[in-house]
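Pasting a structure below so you can have a look.
Chain nomenclature is as follows: A, B and C, assigned in order of appearance, with residue numbering initiated at 1 for each chain independently.
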Amino acid sequence: MAILDARPQRADDGFRWLVIGSAAVVLLLLGLIAIVMTAGAVPVFREMGFTFFVSRRWSVAGDVYGALPFMWGTLYTSVIALAISVPVSLGVALFITQVAPPWLKRPLVYLVDLLAVVPSVVFGLWGILMIAPYLGRSFLTTGLILAMMITPIITSLSREVIETTPASEEEAAYALGATRWEMICGSIWPHSKGGLVGAVMLGLGRAMGETIAAALTIGSAIGQITLDPLKPGNSMPAVIANQWGEAYDLQKSALVALAVVLFAITVLVNLIATAIVQRSMTRTRGQ
Amino acid sequence: MTPGDEPEEGTTKHTLPRRPRVSAATASAAPGADPASVAFDLDKLEVHYGAFRAVREVTLQIRDREITAFIGPSGCGKTTVLRCLNRMNDLIASARVTGKVSYHGIDLYGANVSVTEVRQRIGMVFQKPNPFPTSVYDNVAYGPRINGVRGRAKLDALVERSLRSAALWDEVKGRLSQSALGLSGGQQQRLCIARALAVEPEVVLMDEPCSSLDPIATARIEDLMRELKRTYTIVIVTHNMQQAARVSDCTAFFTAEADPETGNRTGLLVEFDATAKIFESPSDARTENYISGRFG
Amino acid sequence: MIPIGSPAQLGKPSAPQRGDFRPRGRGRAAKNALATATFGAAVVVLAVPLALVLWSVIGRGAHVALERFPAFFTQEIPIVSRRAGPGMGPAILGTLLVTGGATLISVPLGILGAVYLNEYGGASRFARLVRFMAMVMTGVPSIVMGLFVYMVWTIRFGFSALGGALALACLMLPVVIGSTEQMLKLVPDTLREAAYALGATKSRVILTVVLRAALPGTVSGSLLAVARAAGETAPLLFAVGASSSYNADFLQGANTALPMQIFGNATSVFVGAQDRAWGAALTLVLLAFLVTLAARLFTARFATPESN
């Protein structure tokens, strides 16, 4: 009975190493990205030091670079996008989960998914040719377009979070004679608060990282820091996309530095958001 | 040790009782079971999951081409011991097996033993039928295919033979290419038996094979077991005492007691004997209590 | 002593307090109705821009896409962008090359990685690290990927469809890993046990039973990743270059893709170029829709039936 059959064992081991290697590729890639990006950003940090983050100037001729206007643009457009998108997303999510009759739920979900399938460049095209003539290439136009892009994400995730509210708590509210709105305020909101915040943050992360739509509609202004939404501005991903093609040396390094900053911020926001969403979903399911 | 002797101090050693057909002359000769017909020899088998001792010192011998039943309340290690017989416990990372498990004299946990070979020769049927979500034919042909059997004709013959052995052929011969999940529960379980038989094992281990089936399906599987024992050694874990009394030749009764060292409940083998003896005149009081329904 | 509950103690049976069952409190019904109306309005606010976008894409794109059909899909892109008229053939080929290449690279790698995570790694430190990093990677902005591929690949090897495929593969890989791992988790352990008990080795069990059972969901998840990748522009900006003629050479030479053409022509002042951008947008949207539809149909048709 003692059969020593090495063949299947070797193939089995080979497969094991194959899958371990494949998994390691992720680590390899991410590490490479971090190293390459940071290396590319070093020159401009050496040259500008900390002023890189607070300077408004961006002069290719003078080799002086500051990230502030671009950080402002990213922030401002994302805030506008959230201001528009969050109420709509929550409203749609609540409509789908609470108001819509069963036969309407699936088509509505498909409608939201349809919005998600449209590529961002198409939104950018529509924005620049259809909206910009009225609102100009500005923070507002960009915020509007970004809002259209992040709404599906926030809606889907909010839907999932809302659906983890225990049915027993919803029934308890109704049994006390609450109206639907009162039940939402009393049962759904306390449960879903955290998860919804996470969903919104994920939308924020996406808005901040969106390149193409912003590049087309934001206006590519230099040094613009203003609260006037109708003024043209710039954002980190947009300026990289627009200026990279003709950039040299230190400007290139400055653009890479912007990419590093963007990378760091979006990853941070995404991590916090995912942690919040996961915690809220497991907490409510456990009850 | 002949039946009727008191167990030695300190250990409970169980050997198979002599069968009636052994002549009186040899009955007084060498004690112990006839080694040629012993399939499994368990010697002080223990299983730990991490620090938790799941089952304590099991020593028994399972005879060839008989049906041996493991009975006892839940959590007393019956399934754990069963899964040692085909090394399925290897799949659990924290499991540690000590003691010796021999099959026809060969240590199953020895260094040169291929575990896939072990599992091919010692097959298993599970509590809940688990057919693959493919066709009936592909389910039964899975085992032979991974063993390198090729050729449509050979596979067809193997599939038919296995399905006949499992008393399922007549019911499925017209729907071999349809999904196995469309069969009833009892049919699925017989399909799993056919699937296990298709690799031509010597032993079939069954872990509560009828617990998710209705009484009629259960009766058919019990009939099947009586048929199968002519060719295969069968070890069955069952919660159903009456089933053990109906089909098995020998029965092992397990129970769980608090471990003096840790306080956890550890499984242990209480008594192992011919089924008739266990059910009519058990030696141990705990067995007596379980059989008469006083606990468990 | 009057026993509790006798009519004498309770007095007359109480009369109903109100004649109907409307909600008490003024305005509660109104508030509820307002809320419901707001939610409905939100749905409209979502649907209207979507409709407008699709209206523009179809309206303006169909015109140039159908002009002298199938010229739009086969002719080369007019070099003089002032010229009106169809021609996006090279971009369509480019999109197919780049997206196809990215799929061939990232899907097998992603599936194998997910197999490691669910079947081998479990909760080990390495597996947890890989899972975490894959999640981080899904959040990397596409422009960062584009820059990365430029600095690592394009500088050395020049523009090519391969470079674009690599960039898109970086975007797709973590998504494929994540969705495949979810599918693998859904495969019940009892199936694995059955295969092991028949004497199969671990790789056999995974390849013949687990992956097979998880296939529909895996394909569907990968198709969704493909649909997303097809529409990405930023990663391609610095990897593929710009070409207006056909380039079927995957490994060498500048190429182009639909998203890039849209991006480039969107800022053009010439109506002809803008029209081509709309046409390209229509093509891209149709492509993304079809792939997503295929993904949904796949899940629906081949989903594993529940066992009794």
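Here is the rule we go by: a contact is a pair of C-beta atoms (placed from the backbone, for glycine too) under 8 Å apart; a residue touches a chain by one contact, two chains touch by 3 or more.
Note that the coordinates shown come from a computational prediction; the quantities given were computed from them, not determined experimentally.
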| item | value |
| --- | --- |
| Chain pair, most C-beta pairs within the contact cut-off | A-C |
| Most centrally placed chain, judged by C-alpha centres | C |
| Centroid spacing, where centroids are CA-atom means, of chain B and chain C in whole angstrom | 50 |
| Distance from the mean Cα position of chain C to that of chain A, given in whole angstrom | 14 |
| Rounded Å distance, chain A centre to chain B centre (Cα mean) | 56 |
| Multi-partner residues of chain C (at least 2 other chains) | 201, 204 |
| Set of chain A residues in contact with two or more other chains | 8-9 |
| In chain B, residues with contacts to at least two other chains | 116-117 |
| In the complex, chain C residues that touch chain A | 23-24, 28-29, 31-32, 34-36, 38-43, 45-47, 49-50, 52-54, 56-57, 109-110, 112-113, 115-117, 119-121, 126-127, 129-130, 133-145, 147-148, 150-152, 170, 173-174, 177, 201-204, 206-207, 227, 230-234, 237-238, 259, 262-263, 266-267, 274, 277-278, 281, 284-285, 288-289, 292 |
| For the chain B and chain C complex, residues of the former touching the latter | 86, 88, 91, 116-120, 123-124, 126, 128-134, 142-143, 146-147, 179, 181, 184-185, 188, 192, 195-196, 199 |
| Complex contacts: residues of chain C adjacent to chain B | 188, 190-191, 193-201, 204, 208-209, 212-213, 304-308 |
| Complex interface listing, chain A residues touching chain C | 8-9, 11-12, 15-16, 18-20, 22-27, 29-30, 32-33, 36-37, 40, 87-92, 94-95, 98-99, 108, 111-115, 117-126, 128-130, 148, 151, 155, 177, 179-182, 184, 205, 208-212, 215-216, 237, 240-241, 244-245, 255-256, 259, 262-263, 266-267, 269-271, 274 |
